[in-house]
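Structure first, then comments.
For reference, chains read A, B, C and D in written order, and residue numbers begin at 1 within each chain.
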Amino acid sequence: MGIKSKLYEIIFESDTKVGKLFDVLLLIVIVLSILLVMLESVPSIEKQHRFLLNLMEWSITLIFSLEYCLRIWIVSKPKRYIFSFYGIIDFLSILPSYLGLFFVGTHGFIVIRALRLLRIFRILKLNRYMNEGAIIIKALKRSRIKISVFLFAVLTMVIIIGTLMYLIEGAENGFTSIPRGIYWAIVTLTTVGYGDISPVTALGQFIASFVMIIGYAIIAVPTGIVTAELSRPSKGKPSGQVCENCLSEGHDIDDQYCRYCGAKLQ
Amino acid sequence: MGIKSKLYEIIFESDTKVGKLFDVLLLIVIVLSILLVMLESVPSIEKQHRFLLNLMEWSITLIFSLEYCLRIWIVSKPKRYIFSFYGIIDFLSILPSYLGLFFVGTHGFIVIRALRLLRIFRILKLNRYMNEGAIIIKALKRSRIKISVFLFAVLTMVIIIGTLMYLIEGAENGFTSIPRGIYWAIVTLTTVGYGDISPVTALGQFIASFVMIIGYAIIAVPTGIVTAELSRPSKGKPSGQVCENCLSEGHDIDDQYCRYCGAKLQ
Amino acid sequence: MGIKSKLYEIIFESDTKVGKLFDVLLLIVIVLSILLVMLESVPSIEKQHRFLLNLMEWSITLIFSLEYCLRIWIVSKPKRYIFSFYGIIDFLSILPSYLGLFFVGTHGFIVIRALRLLRIFRILKLNRYMNEGAIIIKALKRSRIKISVFLFAVLTMVIIIGTLMYLIEGAENGFTSIPRGIYWAIVTLTTVGYGDISPVTALGQFIASFVMIIGYAIIAVPTGIVTAELSRPSKGKPSGQVCENCLSEGHDIDDQYCRYCGAKLQ
Amino acid sequence: MGIKSKLYEIIFESDTKVGKLFDVLLLIVIVLSILLVMLESVPSIEKQHRFLLNLMEWSITLIFSLEYCLRIWIVSKPKRYIFSFYGIIDFLSILPSYLGLFFVGTHGFIVIRALRLLRIFRILKLNRYMNEGAIIIKALKRSRIKISVFLFAVLTMVIIIGTLMYLIEGAENGFTSIPRGIYWAIVTLTTVGYGDISPVTALGQFIASFVMIIGYAIIAVPTGIVTAELSRPSKGKPSGQVCENCLSEGHDIDDQYCRYCGAKLQ
């Protein structure tokens, strides 16, 4: 077994001991790199520990660069890796560091530095460990139409309430435009309640009370939708099998005969 | 086929290609018209782009007017359309633009302009695409008595708490009247929490803490009600049919053959 | 049929037409009386409409007094009515108005006036119309131990977090004492978030973030408890029957034979 | 029966009358001691009632010390008790009072005083009364992977949103660093909404609205997870067994006889 296939096992797979160790190490470096970007944005920390932060930043960039090159070298079809989702993420997580060199002191520098945070998506690589996540995503997917309808209803409600409050409260109470009224309506309906804009007139407060109670009641809807999906027994769910005889769909995974025509399922 | 019946197919129905295209175009114009009303209410945008906004406004009004006239001309019983729900919505969505001409510069002008937002209800025309919405509405309808009882209980609670806080905190801490106390109670119980009024005395804060925890616990009630309704299998639930050949269970109501052995179901 | 038994039918029962009408009229008067108490507490309204408010107040008091006397006169055992729950509520809802006469201008006057709001409990008389409420209350009752345990856990959490924040943030950032820290912890955990006290130090904000996410996650617990109770099919629940043969419990209401030993159930 | 085994029954067990009384008395003392620590931290109360508070503090400390010594004396293997979870809690709940004597007036004094709150964990001793709590904890444990995945997704979302807002709003609007942006994102996504930092620019408010609606929708996920777990019948769920004698269904897994006809189940 050549060095290439050995490295492949370590870097791309995770069923050997060394492969798992590599995954854990990579996870630590990713978390470290994210913490680094955060800390660097705090003015007081940045001033005091500039040298240390720079040192760590370039160490991490070098590690990620090395990993990126290794991956390209190892895989049999480099182009396919480079243009794959993870290939692009890997590339984007080292690019900003190098780009930063050309933009030092410019206005765009801060944005480019922040782009390093795209490294966070590298964590998605670890999703092979998360089978449970798939169940949640599947439940969300199955309920996506219901949730869209719900969000659409909320949006309509929020536009009408926002306009109403704009007319009632007016610019002198902070409701300077309809979009701002809608912003307030969203803040209130979702029970966030910043308090940066809040109704002052009696009628406005009455309507606000109404909106809050509505918001309190309708939060039940998305919850109900997702819960109903998650409670649905997982086995016996449609397998995507198609009957070769009558072309019907919607069979369960453990079905062996078509339930519509009785033919044997493949 | 005359031009009238051809237009009828395009405007009123959506199963032909052109009919679908018409629906999509109309949806875009509706969304545009809503965005327009919103943007116009922002003082800075209104000043800078007054001409462009006016131009778009009148283009949209003309399109809607044309559509309205076409609909009246096409349908066999115009009166029935005019006084139907959608007929009134269609009329109300063009009326404010024309009315605005007579009220330029007056106090009511801003209200009339805002009334154009009634166009948002035109989107309801598209609800034939949303079968999923019906399930949610049905679940809400079936639980409407339970939710009413719950809201009634919340209202009673909120009146008592609001009065109590008015007596405890008094006008000097922002609780100037019982309705204001009730407003605060709603803001707190629904976990919105603006912070425009908040208890200052120790006793007031103690009661507030109590109200918050109550609110935290009772949000479970509407959620539970709606979830229980949505989880209730409507149709297509296991029918309890037993296959006479292999005695297997768990067949759906519309299954005609056993999915395990392929025998015909009774 | 004497006038007494006729009045009894009208006032105490609600299955005749006049009885229903009486109930509806009473409901209107109750709601009016509550609105009156609220409006009276608003200084601007009280000053402007003092005479009208007083007039309405005494009309309502007279109606309630009349009703109270009638009820005592009608029932066969007046003492039993007077000391029943509704008898006391009826008495308490007229007492403050008369008491107010003796306390005009004193400090306690405002409290006595507010006590008139006890009339709100008169609405409970109408609960015979609300069978649906019973289902919710039953579900809440069945889950009362689970909810108590949950609230107890929340309380413990909140005391520890509040003390921690008191130590970290200290009096200079608004956390002047442990009870105040606990107040903040409740405001945050329940996602109310007034913003009257909010963490200022970095460590405080870190812990606050942690508390919020915890609060976001554990709101699922009471919801889950109540939903599980409401979803539970009501029939077929353990009947409390005990098998006479093997003394086993946990049989369903419609079971006729012991499921553990096969003996006939009583 | 010697005094030791009698005391053992009172202190460690709770099935005798005296044992239960001891438990209740201990609970009262624990709650009193917690209230004491809280009240002591309020400057105004501490100044006025210093002597009384000190007296109560030392009484409670003595009671706890006595109980601790008794427990060590009674149990057959003192070491095992001392290093057990409850032994350590018992020790930690008396230690700070004695330690405080050495640190009077120093900076650490206030922290040591607060440590007395560790007494709260003594309440956990009473968990033998709470069987219901076990069901909740079991449901939470079973859903811990799903909840972790959810919290991980929330964390990723919050980091990206926080960075975005830091770039859009900038230091002049309160978003002074990425961690602060993340703090804001958590405050908003969890619908706490302090309002100490809130977006000022139009784009910032637009993104904030988006975040709020997302937060409103995804709160459904943990709720759904926990509810699905709590609703899941743990044991005794229908086994699908069919009685061979009367062909009835709906028997539990551990049923051995048909509950409808009494025949032996296979």
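As a working rule, contacts are C-beta pairs under 8 Å (C-beta built on N, C-alpha and C of every residue); 3 or more make two chains touch, one makes a residue touch a chain.
Labels paired with UniProt names: A, B, C, D = Voltage-gated potassium channel.
Since we're looking at a predicted model, the values are computed, not measured.
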item	value
Minimal step count in the chain contact network, chain B to chain D	1
Selected interface, A-D versus A-C, where C-beta contact pairs are more numerous	A-D
Interface residue overlap between copies chain B and chain C, same or different (over half shared)	different
Chain centre separation in whole Å, for chain D relative to chain A (CA means)	30
CA centroid of chain A to CA centroid of chain C, Å	41
Touching two or more other chains - residues of chain A	150, 179, 182, 191-195, 219, 223-225, 227, 231
Partner chain D, residues of chain C touching it in the complex	145-146, 149-150, 153, 156, 159-160, 163, 166-167, 171, 176-179, 182, 188, 191-195, 198, 202, 205-206, 208-209, 212-213, 215-217, 219-221, 223-225, 227-228, 231-232, 250-252, 255-264
Chain B partner contacts - residues on chain D that touch it in the complex	191-195, 223, 227, 240, 242, 249
Partner chain C, residues of chain D touching it in the complex	34, 37-39, 41-43, 110-111, 114, 117, 120, 123, 130, 132-133, 135-136, 139-140, 147, 150-151, 154, 179-180, 182-183, 186-187, 189-196, 219, 222-227, 229-231, 236, 251-252, 255-264
